[in-house]
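Take a look at the structures below.
One chain, subunit A, appears in both complexes that follow, with subunit B as partner in the first and subunit C in the second.
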Partner chain A sequence: MIKRLFNYLWQLPFMVTGHLFTWLGPVISEIGSMSLFFWQVIKSIFHRPFEVREFIIQLYQVGVRSIPVVLLAGLFVGAIVSIQFHYALSQFGAGALQYLGGVTTSGLLREVAPVLVSVMIAARVGAYITAELATMKVTEQVDAVRCLGADPLRFLVVPRFLAVTIMIFILTILGLIIATAGGALSAYLLTGMGISKYFASIRSLAAAWALFNGMFKSLLFGVLLSTVSCYKGLNTDGGSEGVGRAVNSCLVTSAIAIFLADYIIARLASLTFEVAESFLFFMEI
Partner chain B sequence: MIEYDNVWKSFGDNRVLKGISLDVREGETFFVLGQTGAGKTVMVRLLVGLLHADSGAVRIDGEDITGFSEQDFQRIRKKCGMVFQLPTLFDSMTVFENIAFGLRRLGNLSEEEIGERVKNTLEDVELDFSICLRLPHELSFGEQKRVGLARTVILSPRYVLYDEPTTGLDPFTADRINDLVLRLNRKMGATAIVVSHDLLSMNKIADRVGLLYKGEFRFVGPVKDFNRSDDPVVAEFRGGGEA
Partner chain C sequence: MTQRVKNPTLRVILVTLDQVFYIARMGISVRGIGRVILGFLDTLGGIVTLLVQTLLNLLRPPYRFRLMIAQAEVAGWKSLPLIGITLGFLGMIVILELHFQLSRLLHNTSLVPGVAGLLFFREFGPTVVAAMMAAKVGAGFTAEIGSMNTTDQIDALKLMGVSPVHYLAVPRFVGCMSMQVCMSIIGLFCCIAAGYLASLPEFNLQSYISIMNSYVGWPDFINLILKAVGLGWVVPIVSCHYGFRCRGGARGVGDATTRAVVTAILIIIVIDFTITAIADKLVVAAMSFL
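Up next is the complex of A and B:
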């Protein structure tokens, strides 16, 4: 009994390592394939002809049709963040509440707006693009595109890739504006804080860096989402079951990619600040 | 001329084509028969670069296309049109846009010329011009098949590859498709390879026939010889649906 337990414990690290590599192998291979796919898409953007009509259709599909849901969610999320910060700031006394607008908007700018809009677009548009391309793949429409003299990357992927990337950026700005309005409205209803006072606080606390940070994130998340959704769609096989699997995989992969990228950016930003502060400290000495 | 020279193709452990050799003559309609999974579709997909042979040579007009890149196949696809088993119409496009798709890629025709050619091709496949603004899902399966056929033949390819053109159709519609294939091939002077297991179609449109059996050609010859052959495999296949 003890010998078997010892044997098991001795083998455990090897088994764990083996399972880890079995799991990691396909993941690394998938990341590599997706990176190559991304590079091919970037190269295809600069090749003629550019599919203007398809691009405009995709802008409408991705952007215009997503506006209501982004506005609605943005309004409530802004209000919720304002309520939460109101509760947190009120612990530090009534004076701290004057910073409510700045703190709320800073949080919205840096994190909430880009992540929220990207995740919402992933659920609405990413899934749609994957399902559409996957269906085209399994019903041989992608083969037909090739046989009729068009490149599936240029005809199908590039318009979707650009539309998603551009529209996430625009929708983030739109979501941010409405979320700020939602936060101000909520602050007015909660504390009776004047709108002008709320916005004055934004000017003093929400720095341009936060705006740059948020906009950069929305662009990056757009690139990630469009790459994942198009890649998953075009690499589908196995009929209707395969389409379901591709959509599921697109949603999971997109969400993981967005949160992981968000963490890496946050960590890099904080490291940059630490280095800058140290540099300034030594300069003063 | 299309030539297959000792062509092998496998998917994993499954050897689909085991060294097939075949010459398809200029202007003829060659009919490839075989059971499901015999490798008929694989054979025609090799010609347009949707699949690549493991070994051997596939030649079109004497040019070996086996090692061609995607870029090289763009040139081959201009002279080799393919009609797929499913209509493969683009769901988001109207009938007109579907048929004009290939022409617009050529980039050398005005919209008026494209419109005129779409109209003529619709007449060729016996469809009314009024369906132009409809979306594919608003058409019957038979109409979708004819639009798919129109989309390919509008480019006037020298070689037309038909993958199961009558599958899923009722006998009446299938017969109309057979008539269309026959008439369009004659009109274009095209060389055609038709992949099917429909013996009625074979008897109507084929000049020569090849029976793929277990990855090899069991029979290659004129239709009348196929119908008289006493090869047990040919006889068994024929017994399933003699015309």
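Up next is the complex of A and C:
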């Protein structure tokens, strides 16, 4: 009994390491094939003929039809951030409340708006693209495209890739505007803070560097999101259940990718923000 | 005018713009607005009806404990890696960002764990976990029920005299809602642990915990549990609603999944805003009353 327990304890670290590696292997191979897929997409962007019509239709599908979702989510999330920061700042005494607008807007610019818009677009558009491409793959329409002599990558993936990457950038700007409005409105309606007082501290606390940070993040998230959703869509098999599984796995992978990239950028920014802020202050931007 | 343009690229652009403006005209017309409002009311009514049906069927025997435990495994154990990874990264991001903000604002970074603890308990525990559950569990439920629906398995259930709500929605409701409360607590601990790792050179474990403890307490934990319960019904009910409504083969399944996730996240955000605003108002009213 004791010997078996001892054996078990002795083997435990090795078992854990083995399980970790068996779990890690498929993840690493998935990341590798996604990077290869991304490189192929980048190469086939520049191949003629360009699918202008499909690209414009995808811009409409991705961008214009996501506007209500982004507006609704942005308004309420801006209000939530404002309420929570109001509570947090009221812990430091009444004097700290004058910074509410600046802190809320800076947080929205740097973190909340890019992540929120990317998650909403992942749920709305990324899942839709995965479902569409997976349906085409399952019903063998992708093979039909290839039979007709067209490259499925250039014909199907490139317009979606470009449309998602461009539209996330634009929708982030839109979401940012509406979230700032939502934060100011909730501060005015729920806590009785004046609108001019709210906007007064924004200029001093939300620098151009924060906007650059957020916009760079939104571009990066767009590239990640479109790569993941197109890859998951084109690598599907097994009927209508396979389509559901592909959508699910696309959502999970893009959520993890977005938060991982966000953490890496936040860490880099926290290492370099003093240098960057002093540089921009020096340049008087 | 479009027919007379000879340049092919220009012509493609003009034709597409024409189509876009046509759709926009349709969208702005009275019929389009009416259709949008009817669709909204239809979805809302369907979700509320399914919620009431599920709550009524919850008390009706036979109780399918085996199915409930199977769904709890899907909602809890299978989504544990996603919750752990995303909430862990979020915890680290919050610590880094608050360090930046507070060093600029108050010139004092010793209070970072306190504010981070407030945000973890009040927002990240309940709401972000609910959104992640919508992406992982809700999409899975809709895809499963939707593919059952497109292969006529739900009609087969009705034919055998089994209520689909009782057989499919109730176990998912019980399993997902109970697991979401547990997941909120687990996600909260992931946030706190990862935040400690991110704030490591400046704080040790004792100072981190003691500063956090001076800003949050049991009321915040009870707030977290109540919020998780208030948000927990959204994911199973919305995903089952879209699964039961799903029509039209593999394409319909994908479409229903997308709509379910988006609707669930939007409802979660709106309910969270309502709870937050009302809770703050109630706290202020209670303070002034006392």
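To be clear about the criterion, the second predicted complex is superposed on the first by the 271 of 285 C-alpha atoms of A that agree within 3 Å, B and C clash if a C-alpha of one lies under 4 Å from a C-alpha of the other, contacts with A are read in each partner's own complex, and residues count from 1 in each chain.
Definition applied: a contact is a pair of C-beta atoms (placed from the backbone, for glycine too) under 8 Å apart; a residue touches a chain by one contact, two chains touch by 3 or more.
It should be emphasised that the depicted structure is a prediction, and the values quoted were computed from it without experimental measurement.
Colleague: Does the superposition put A:57 against subunit B (first), subunit C (second), both, or neither?
Modeller: Touch partners of A:57: subunit B and subunit C.
Colleague: Who touches more of subunit A, subunit B or subunit C?
Modeller: Comparing touch counts on subunit A for subunit B and subunit C gives C.
Colleague: Taking the superposition on A as described, I'd like to know which of subunit B and subunit C A:187 touches: first, second, both or neither.
Modeller: In the superposed model, A:187 contacts neither subunit B nor subunit C.
Colleague: Touch check for A:260: first (subunit B), second (subunit C), both, or neither?
Modeller: Only subunit C is touched by A:260; subunit B is not.
Colleague: Pick one for A:140: touches subunit B only (first), subunit C only (second), both, or neither.
Modeller: In the superposition, A:140 contacts subunit B only.
Colleague: Based on the superposed arrangement, let me know which partner A:148 touches: subunit B (first), subunit C (second), both, or neither?
Modeller: So A:148 only meets subunit B here.
Colleague: Does the superposition put A:110 against subunit B (first), subunit C (second), both, or neither?
Modeller: After superposing on A, A:110 lies in contact with subunit C but is clear of subunit B.
Colleague: After overlaying the two complexes on chain A, where does the subunit B footprint on subunit A coincide with the subunit C footprint?
Modeller: The overlap between the subunit B and subunit C interfaces on subunit A comprises residues 57, 139.
Colleague: Give the list of subunit C residues in touch with subunit A in this complex.
Modeller: Residues of subunit C touching subunit A: 9, 12-13, 15-17, 20, 23, 82, 85-86, 89-90, 92-93, 96-97, 99-101, 104-106, 111, 114-115, 118-119, 122-123, 127, 131-132, 134-136, 139-140, 142-144, 146-147, 150-151, 215, 249-251, 253-255, 257-258, 261-262, 265-266, 269-270, 272-273, 276-277, 280-281.
Colleague: Mind listing the subunit A positions that touch subunit B in their complex?
Modeller: Spelled out, the residues of subunit A in touch with subunit B are 49, 57, 136, 139-141, 143-151.
Colleague: In their complex, what parts of subunit B are in touch with subunit A?
Modeller: Per the touch definition, subunit B meets subunit A at residues 48-50, 70, 73-74, 77-78, 81-82, 84-86, 88-92, 101-102, 105-107, 151-152, 155.
Colleague: Could you please specify the touching residues of subunit A with respect to subunit C in the complex?
Modeller: Touching subunit C from subunit A are residues 52-53, 56-57, 60, 64, 69, 72-73, 76-77, 79-80, 83-84, 86-88, 91-92, 96, 99, 102-103, 106-107, 110-111, 119-120, 122-124, 127-128, 130-132, 134-135, 138-139, 186, 190, 205, 239-241, 243-245, 247-248, 251-252, 255-256, 259-260, 262-263, 266-267, 269-270, 273.
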